[in-house]
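The two complexes that follow have chain A in common; it is paired with chain B in the first and with chain C in the second.
For the complex of A and B:
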């Protein structure tokens, strides 16, 4: 294998690939990236056995071939090369080394045989459709905060992406929950997605996927089977196993009959919650909300360190209500609101509370109260 | 005590004070800041028993008095208050609480008696002088990287500031070393400093001091005794114990007869060292320098992971020389160079090497070689 490539193109491709590689590996080949050169393209493949990313870049290939080298070392080297450099990669099968040359710099890296690299088995995908990057970004960005980190409840360690019925017909829906709060985000169903099986996309995959979604104009090709999901742009293909489990019936958790309606400026609310929570250093800080006509009083009482209280002008016309929440959960939910106002729908101090952005029902959040 | 103060002025004062407070304290009062209001000034005092910082700010004092509250909590609250807010601090001796009010926010913080706060004993200072902030910044910024972190050699855990003889007469000199490398930085002797006792300024003090030195126009009042050093601006007074030990005779470490002179572009050199070091993941990475006429070859050889080599055009006219250094030490020293060229003076592959910025002898660095 011998090829030359622009440093910027190489850096982009290697960056995306190496981020999938786990920092601590007991299997040496998993620390490596598989470099394959053919035609006028070089591709970089990395995997942790659950996720595989393949990144293509244009290159001047003098001699087709393939080899594997340590992903982080290659990435570090390319990152440190001067901008604008032309980089030559040469695999020498006799010495088992990959030479990286640029200007007066010359690196010789240990390789492992390309045959040892675990390429993810290809799958039949039940459903293939195309989705705009901003749509996927919204679905995952607004739901991922609620993903559980409890490993025993592995079926909650991801975002449940599936087709569902909503008021306006079928939607593509993402749901995440950790049992304390829940996010349910809907988007228009893309053409061809109606038969998609519901899948739980693991947390790490959601994180890696995010890097493919920055370009507002990009269309993402999505392929889904019972066991795998694939997201692809023209340059990058991200394939991931999905979580082998059943996502619980979340619909029962979403309150239908909460009628006490509070409307509040989302950013004022978030800042006030953040401030009053300062006085308590406990992990699960309870914030008390005292609702009366058009008035919300937020308060925290930490006997050891102090107390805090803040008043907000809001729109509220129901009976007075005192209810407590974990400050962190309230903050995370309030920070999802893109528009000015957040609408809370309460029932009683012991029932789950619903939050949405204005009157938009395409993004709803549920949070369990705490006793205060 | 009752006072009101602009949020910005309060934040600045509390920020500086709270950074001295250690995050983990077995003595509760050390987590607190002492607030003293009198006349038209409020002052915030914090200490870790080795360093004390006192920060003054203008305030409208309605009722003079003093109390102590948790430094980090107060800082967090003030940081989160909206910009432009007017903050009222009221100490209620009956309830033992400090009330912090701003707009519709109201905080009530636990206090500890002001009598329990350990105020550092005042000292007689043998020497008092004034030094421009940029001068102190240069003395400490260029030397602190060489401070030892070995606690057993506590007398090396700081910067040795003293008066010394140099070619042009007496200078104010800062020296730091960890036994592997050494930095010796000189500045013009300020008026009144000639009788200053030599003191070892602890690492943490050097870090805290740095925050007083950002303003190029600021004059810093320096006071030195055998046991303490004090740096003061009109608003902030930083007092620190100095390390009770004898700094070793560093002059013997600085080579006088190194004649092999290499001149190299400092930033090109640093970048090349950084790149070739990438192939080795060991902590003490050795970089080999091969010197021949006007040519420098940098190389690293890590049998497991690979090898790297880079060539630089330099000015060198002496015999060929191969010498090795710890990559991290070389990088840190090269990054001290403000001007274009670094000058290295070598003797043999086993002798300490001297580095300076061009022909300027007011900042010299020594680094021990490694066998390669």
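For the complex of A and C:
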């Protein structure tokens, strides 16, 4: 195998691939990236056995072939090469080395046989559709903060993507929860997605996917089966196993009869929460919300370190209510609001509270209160 | 040489017999009246309490322990003569001593006796570090003026009071640090009084095996032996760096202990690090219902103790021992600390369900660690488990009933399995 490629294109392809590779590997081949050169493209394939990413880049291929080298080493080398350099990769089957040449730099890297590289089995996808990058970005960005890290409820360690009924008909919906907060984000159902099986997309996959979604004009080809999900752009294909488990019935978690309505400027609210929470150093900082007519008093009382209070002008017309929340959770949901005011719907100090942006029900958040 | 009569507390200068009362129970040591760190260890404590409460047991071999499958928790001295030791499996103990009277532990009686002893110790010094119900370290430095007598006299008086007022005996180890005090208390059991002074520390330690060190158990002994270390003299041949390089932080401690140095203070408020409870079954089982019943009972006991101490924990541990004695432990960290039996049980049950192990098991245990004050616990509910709030309410109500009418006044059906 021998090929030449422009440094920027190589860096982009290799960095996407190496981020999938687990830092600590017990199986040496999994630390490697499979490089395959053919025609006028080179592709880089990396996997952690749950996720596989294949990244293509145009290259001048002198001799077709394939080999595998340590992903992080290759990435580091390419990253440190000068911008605009032309990089030549040459695999020498006799010595078992891959030579990386750019200008006056020359590297010789150990390889492992390409036959040892585990290529993820291709599968039949029940549903194939195309979704604009901004839509997927919104679905996952707004839900991923609520993904659980709890190992016992492993089925919460991802975003549940499925087709659901909403007021305006069927929607593509992403839900994530860790039992303390929940995010439910809806988007228009893309054509061809109606038969999609509901899948739990693992946390790491959500992180990797995010790198495919920066280009607003990009259309992402999504393929879903019961066990796998694939996201593809013309250059990059990300295939991932989905979490083998049943996502709990979240619909009963979303309060339907919360009537006490608070409307507040989300960024003002978030800043105030952040300020008062400063005095507490506890792991779970509790912020108390005292609601009375058009007034919200936020307070934190940490016996060991101090107390803080801040008053906000809000729209609230119901009975007075005192309710506590974990400051971090409040901040996280408040930061999801980007256009209108945040609307909170409360029931009692012990019941889950709902938050949404204005009257938009395509993104709702539920947060469990905390005893204060 | 300073000498003290342990019966009448007369001090005199050398002699095998007390000039005042004629007792032979005397203790002599050049540093007797200068040493201040003591370890008090009750003699066959649980068995002694039982014999005190039931004089008909006085001459019989008595073993305290649970069930046929359990282990010996305490053996009285009569049983010990027959070779019965604590932590020995019960069947083995009964083989050695078939006529032994086996008594199930009455922890409340022992705790009460322990409290009475503790109260007596508190009259001597505030610096008491209990290690369990029946042993404690005491630092009597600077108390001689207050009591008008050196520590040795006060300790002998303590033991005499324990015998006279509580009908229990104990042994005293007196030295210049905790390590040696603990070693000393074991030298002359039962009803002993041993002293290791600064001047005789090295001579005392030199041929002693390193397993004397508290915390050097079987595994540590093996690794020490691999390094050719069997006795304290072997240990002295190593320099500090080499010990640390080989044994990590333990190496540093070993180096100091080899020289009879132990700088740990007697700390009255050693915070507890975990709460746990375990049970050995009468017959090995892998019946999920039976295991579930045990799991609930263990969780409830752990929760009871956490509630009694006003603490909660963030990590729940499940422990199982297979029929072949190999053990399995699993832990889960909670987002929100808890002291609720229901939460501990459910988390442990989750761990159990994910074990992927067939059993059968001989022991099951459950624990709570990463402790915090109860005010920081159970602050928020679980969205996905709306029933938790009601179950927590039920548990609180149950606790009130149990506090008023006894622990068995109300139990879960699960506990009967």
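Everything that follows uses one rule, which is that the second predicted complex is superposed on the first by the 371 of 372 C-alpha atoms of A that agree within 3 Å, B and C clash if a C-alpha of one lies under 4 Å from a C-alpha of the other, contacts with A are read in each partner's own complex, and residues count from 1 in each chain.
Keep in mind that, in the parts below, contacts are C-beta pairs under 8 Å (C-beta built on N, C-alpha and C of every residue); 3 or more make two chains touch, one makes a residue touch a chain.
Predicted model only: the values in this text are computed from it and were never measured.
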item	value
Contacts of A:112 with chain B and chain C, given as first, second, both or neither	neither
Partner chain(s) touched by A:321 [first = chain B, second = chain C, both, neither]	neither
Contacts of A:232 with chain B and chain C, given as first, second, both or neither	neither
Partner chain(s) touched by A:371 [first = chain B, second = chain C, both, neither]	second
Which of chain B and chain C A:253 touches, first, second, both or neither	second
Touched partner set for A:9, first chain B, second chain C, both or neither	neither
Contacts of A:151 with chain B and chain C, given as first, second, both or neither	second
First, second, both or neither for A:180, with chain B first and chain C second	second
Residues of chain A at both interfaces, chain B in one complex, chain C in the other	none
Chain C - residues contacting chain A, complex	332, 335-336, 347, 350-351, 354, 376, 378-386, 389
Residues on chain B engaged by chain A in the complex (per definition of touch)	70, 73, 76-77, 80-82, 97, 104-110, 271-272, 274-276, 278-279, 281, 304-312
Complex contacts: residues of chain A adjacent to chain C	150-153, 156, 177-182, 248, 250, 252-253, 282-284, 286, 324, 326, 350, 352, 366, 368-371
